[in-house]
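The structure is given below, and queries will be raised subsequently.
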Amino acid sequence: MQIALFIIFGLLAVAGALNLLFQRHPINSALSLVVVMMSLAVLYWSLGAEFLAAAQVIVYAGAIMVLFIFVVMLLNAGEEDRTHGSKIAYIAGIPGAAAIVCLLSYVFLSNRQQLGTTQLGGYLSSSVSNISEISHTLFTSLLLPFEVTSILILVAILGAVVLARKEL
Amino acid sequence: MVPIAYYLVLAAILFAIGIAAFLIKRNVITIFMSIELMLNAVNLTFVAFSHMWHQVSGQIFVFFVMVVAAAEAAVGLAIIIALFRVRQTLDVDHINLMKD
Amino acid sequence: MTHLTNFEIFLLFTIVKIAVVLVITLTAVAYTVLLERKVLGRLQNRWGPSRVGPFGLLQPLVDGLKLFLKEDMMPLAVERPLFILAPIIALGCALVSIAVVPFGAVTMVHGVDLFQIANLNIGLLVILGVTSIGVYGIALSGWSSNNKYSLFGSLRATAQMISYELALGLSLVGVVLRAGSLSLRDIVASQSAHGAISWNIFGGFQFVAFFIYLMAAYAETNRSPFDLSEAESELVAGYHTEYSSMKFAMFFMAEYANMITVACVATLLFFGGASSPFGHLFDSIGSGLILSGLFSIAWFVAKVFTFLLLYIWVRGTLPRFRYDQLMGFGWKFLLPVAMVNILATALALSYHR
């Protein structure tokens, strides 16, 4: 069951990421990134992180990517051209990325025994919910970082409002 | 029963595609999107490790990454809009005022 | 049934439940359209549809047939794949969120809950998430139509929906604080102790949250008085200007399916879901599995129906907002009030503990 979920949604995520790479139009890239995020949400859920799965859909797919698509629509961005700068990137980028994948995969796969296996629905028993555990940690031992993040969000809102104004 | 290593390999693949897209793409918005893809790949490793160690702190870290990504998207897209107003283009090759 | 394994029974029941709920929802969508036309007609001192069948009851059937048989126009300049994808996303998201709604009291048959397709412990978040994905349908339809009125309509609708989603989400926090759970079954159970007195809107003192929810929900579903994305006097027909035939019908159905979902959520969160307003007063009449199940469904349907009537009444009464008024109302009024409501609820709860 879990291996089937992993294969289906893992392949979907990789296909979406590759589509982001090969599409020329930014709106198609944005939509393929939405596909990646939705399949990652399913994978989070299969790892027992159901709150993060919901947050991934609501925050990433439902807010951040809508903002991206909104900006693409607002600026009416067209298809991108191929320039010589991107040719250099092709020569340097693709082998580099492939090397990173090979190295990381080798390290992970050679240590697969130590890393262990997963079970569907997480390690918690059904009496304790994932959400209450997260919120307990978040509001007791990690309260200060949480409040600092909210200030960060406030600063970001003000910065965005100032930057996007007509007369800069 | 899926080995955790598989999740990590998937995250590595997504991260590498993000790097490649970051280098190859010429549109500012798409470059920004590939940064989000890399963040997502890292989030997957955090969740996988949180499952492995039976601890919730990895998931909380992902929560913080999401918040920071939201802030980053708001500010970054505002910068892109301001940039478009001045230069009328989104192509990074044409945004070269500091170069010449 | 004895020769089937537990998993097979579960699978069979789930498929049957999905089919039944889908058929009932689509029928309800069709008849909500008729209800709206009839009630609007009465509000405006005319008859409404009355020719097809007794009291015009067959009108939705004929409307559907007309839309189905119409020519499916595909304008030349549209972005083809996205143009086709957009109505599918809109309708799909509108229908998926009904899967976590519990329609009646807990009725277990062979270990399967009859009146709910999926009982998730994050049911409320699933509904919010699916609603936020539904924005893509509208955003893409306007952009792929390659028409300035469509684009403006969808830009307006998208900005409006992501702004009001904040107020909508925050207005539900008070209810979640009281129930201590995100599962819709638990939220309903937390307010079914003494009938109407223990409903969140009365006993829970969540009426402020309820009014915020109601207004944000009208804006979320792009209904009047917040239907700026399809303001005929300014934007032709908004984001679905270029759509015809079945694709138009899908947007139309998505709007009404969203209305039904919003009414279901309001019923579940503020009005005790499928529980009776008289508490356990008349439990002796409705004893027995079938009868109590039927009674709970009847209460649920009655409450949802009241909300749909309220929707139509508001549409027939209130004029449209101006766009800056709409944004100002969402950000400067609803959002602060929702936050104050959360603080007040949290303080009251901690005082009572």
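Here the chain labels run A, B and C in written order, and each chain numbers its own residues starting at 1.
Note that contacts are C-beta pairs under 8 Å (C-beta built on N, C-alpha and C of every residue); 3 or more make two chains touch, one makes a residue touch a chain.
Just so you know, these numbers come straight off a predicted model, no measurement behind them.
Looking at contacts between chains, the pair that accounts for the most C-beta pairs is A-B. The greatest centre-to-centre distance from subunit C, using averaged C-alpha positions, is reached by B. Each chain gets a centre from the mean of its Cα atoms; for subunit A and subunit B, those two points are 7 Å apart.
Taking the mean of the C-alpha atoms as each chain's centre, subunit A and subunit C sit 29 Å apart.
Taking each chain's centre as the mean of its C-alpha atoms, subunit B lies 34 Å from subunit C. For subunit A, the set of residues that touch two or more other chains comprises 51, 55, 63, 67, 74.
On subunit A, the positions that touch subunit C within their shared complex are 27, 31, 34, 38, 50-51, 53-55, 57-58, 61-63, 66-67, 69-70, 73-74, 129, 131. Residue ranges of subunit C in contact with subunit A, taken from their complex: 82, 120-122, 125-126, 128-133, 135-136, 139-140, 142-143, 151, 154-155, 158-159, 162, 165, 181-182.
On subunit A, the positions that touch subunit B within their shared complex are 2-3, 6, 10, 13-14, 17-18, 20-21, 26, 29-30, 33, 36-37, 40, 43-44, 47-49, 51-52, 55-56, 59-60, 63-64, 67-68, 71-72, 74-75, 77, 80-83, 85-86, 89-90, 92-94, 96-98, 100-101, 104-105, 108-109, 111-112, 115-119, 122-123, 130, 133-134, 137-138, 142, 145, 149, 152-153, 155-157, 159-161, 163-164, 166, 168. On the subunit B side of its complex with subunit A, the touching residues are 1-10, 12-21, 23-27, 29-30, 32-34, 36-37, 40, 43-44, 47-48, 50-52, 54, 56-57, 59-60, 62-64, 66-75, 77-82, 84-85, 90-93.
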